[in-house]
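For reference, the structure discussed in these notes is given below.
So that you can tell them apart, the chains are marked A, B, C and D in the order they are listed, and the count of residues begins at 1 in each.
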């Protein structure tokens, strides 16, 4: 049995508490607060304490789905991206660029959020971008 | 922690309110005592509700905590005399558990006297009346529990 | 779900004189759970229970009855409902007379409020009550008797006479138990070996009795009606399937080691050694002194063993029989000879010249003599005189203590023992029954008794066992000692049980066992309820840390629901 | 008093020997990893033990129990135990959560300084392998504990109320507690604790949690250390631990074979010098 504790940062909000994921044979099975973390100092909130639960959760979204009728169907990434691009382009053409906005997440990394605002500002050419942790 | 915030809003006069008292009474002694009080038509304060249980052994300490959380000011658990339990030693087991709960209630400042664990036999109906009247008087002197402990800041999300 | 029918009994205007029934009715008919409300003048006299039963028998209908207290007529109405086919989980009684109207007659408004709350609590309880199925058991028709002393022999004989198959397990090579160690039994002064021989003959000739000697019990499991006991008899491994078990393992004599220079000087013997001498031949002594309460009624063993006084008097007179010039003293703290026969026996001993001297516990007799005992020095507690008695034999009368295998037997069968190691009956009013239904105790295993009393107890236990195995089947709910006490049994949710063992530890009836969870080889346990043993006291659910243990008829949701509605 | 380095060296050689002799499949302890950061680690090779450290205090009992639960048969884990870890594991063994045969406890003494931080009255395991036992601290001498546990109930109720109101219902106390093993837990839902109420109902949440540990709490302080709101949760347990000690001479976690008095040894009549209230005299104490 291979069991190790992997130090990481809680992905749930911008605070960035340190935590340890217990990984047994390649699967994340438990979360512990990192007592050496300068941010969390060994504390976590309910989201952090439950962080391991979604990693291998059977309901977790791992591939794109498209709604056809009442149910969702699995499609490839290429199909999904081209479908999204096509729909966005259609909206922009019909209603103008300002009809599109973006709402990002605190769970994303800094780099991801940079890219996201870049997409809105440079791609859709407006300033309609915001973030859930902007309190 | 150094600053003491006034608790005056909780101090009501005893006459202004009637305390809420919940009684868990075992079917074999406590409930029969209550029945005896009823037969004699002893006037009692109407501020108590009796939940009959098979044996005080089945009164979960958590249910007592729940009762306080639901706004009871006092809880009485009435069982048979030790050695007189229909269920072997179940009342003694309950007594030990509830004593520990009393220690906890004392620790958090609710006070151990808000939970009364008492034993009697079936024919002691007059004592049921005494216990209830005295306990009501005792609880009425204390401040109400159902203020901010349970409800003030709590809200559904 | 609208499935609760409410019956309000006015008790011939006793209740509604105080409680406003119109308000109750209007409130109840607004409740989404209530299908119908009926006001009746006297539920107990109108014989309405049958009709109520018939009206809710079908479907998921439930009945809430508001009437007098269970002790008055409430329980009778409930029993009628049971007969009419409404089981416990579908009915609930609210006491509005003794519990409300009669004690709050001076405050009708508050009484009505309280009645509303009580009804609300009843509705909530009914909403969540669940059934717990009764169990019907087949009863094995054999009775197992453990120990073949006087109690065991009497039990086996009585059972065989009743036509019940009985299997007797004896640790020793021969039946008889402590009866085989004494020379004569009191007060009839007969040779006990006759009784033993009679039993041996009966066991050999009666096909209903199977006798096993040199038995070691390996394991015992099961419950009333179905006990499986594995044992070895003379080295051979066997198994018995019994409907009831009678434990007659007896006690043992406390050795007087460290008392009265026992073992240091010759001719200071214990009572049981004197019995052995008598069995070898006449004991001719000039001056015999018996000392009573040796190691009894003291701090470690505060009980009276009851058999030592009669035994000493019996043997004192026997010494006088063997040597008519012999002088015998009995040094005692109190002479315990209860009942007409024994008291007469005591008188007879005094008439024959046995001298009784009372000593004080604080100033016990002293044994003097270098190699053999020469004199006994005693202070007479009544006169205060210090006396020196010549002695060529000192007999130490010691009490019975729990048998060496009492602990093992108690653990095997789950029966409790008192602080001195004797088996404990369930309740003083049920003297041969234990907390495990179908396991009975008798004889000196439960308390020191004479052979005569042991035989009486053996027969009593035999009758209890016969009453059980005389039936083909029995319902688990019938094992309640109190009529109507048992309304179900605990049920464990095996998916959520953490196996902590709290419930098994606290159970007063040894009805919960921990088992290893099957599969994966994990070190995890799970609780199992032995439904027949469970008496539904609810101790287990109070200690279950996560509510895995439930009492279906009064489950957590019903109880907490009632707490929440108490002042609504 | 041994120096810290000497203790670590002693621990390393002892644990290395355990691994080399096959006494243990793995060792569970603290390691100083990259960047000088300490974290728990499972050591399987003797050489890995070079990174072993003993400080800071890091409760290891619960992760150790969870590792053993999923471990294959024959796996033996050596755990570097402080006094509280050892007592917690003893309680877990009593409650059938850990296979005692799969556990090798290596006892480490805490420093006196650590004991005064934890308000620990027993800062050493019963089987002490490394270090020397320091003197314990009586928690009831602490002004913080006195503030909440001594004095009249009315004032203390206000104090507790303000303290407990800080709760954000993170479940950190429950998650970090080595004794809390139930799944599901009573604190997660009806009818014990109302769902969806934030902040939590103080009484039902905290008192049920505290009472469930009444006779098992070893006062390790893991709950308190995990609490982001700084609620002195161990103080809640001290009241009950004191009642057990005074009433039954019992302390959790000291002996695998000593059973908790709450579940055992019921008597038929009141004991000498321990009056049990009757209906008549209940209100007179």
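In this text, contacts are C-beta pairs under 8 Å (C-beta built on N, C-alpha and C of every residue); 3 or more make two chains touch, one makes a residue touch a chain.
Note that the structure is a prediction, hence the values are computed from the model and not measured.
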Legend entry - B-D or A-D, whichever has more C-beta pairs in contact: B-D
Inset, instruction - Please flag the chain sitting at the greatest distance from chain B, going by CA centroids. - result: A
Inset, instruction - Return the distance between the CA-based centres of chain A and chain B, expressed in whole Å. - result: 51
Legend entry - Computed distance of Cα centres, chain D from chain B, in Å: 31
Inset, instruction - Could you give the separation in Å between the centres of chain A and chain D, each centre being the mean of its C-alpha atoms? - result: 36
Legend entry - Rounded Å distance, chain C centre to chain D centre (Cα mean): 40
Inset, instruction - Indicate the residues of chain A shared as contacts by at least two other chains. - result: none
Legend entry - Residues of chain C engaged with two or more neighbouring chains: 506, 508, 543, 556, 560, 564
Legend entry - Touching two or more other chains - residues of chain B: 61, 66, 88-89, 93, 97
Legend entry - Interface residues, chain C side, partner chain B - complex: 69-72, 95, 97-100, 102-107, 110-111, 113-114, 117-118, 121, 416, 426, 435, 481-482, 485, 487, 506, 508-509, 535-539, 541-543, 551, 554, 556, 559-560, 562-564, 566-567
Legend entry - chain A-facing residues of chain D, complex: 26, 33, 37-42, 56, 58, 63, 66-67, 70-72, 75, 168-172, 175-176, 225-228
Legend entry - Parts of chain B lying in touch with chain C, wherever the complex brings them together: 20, 22, 27-28, 31-32, 34-35, 37-39, 41-44, 46-47, 49-55, 57-61, 63, 66-67, 70-72, 86-90, 93-94, 97
Legend entry - Complex contact set, residues of chain D against chain C: 68-69, 72-73, 95-99, 102, 181-186, 190-192, 212, 259, 262-264, 266
Inset, instruction - Flag every residue of chain A that touches chain D in the complex, lowest number first. - result: 1, 3-5, 7, 20, 22, 24, 29-30, 32-36, 42-46, 49
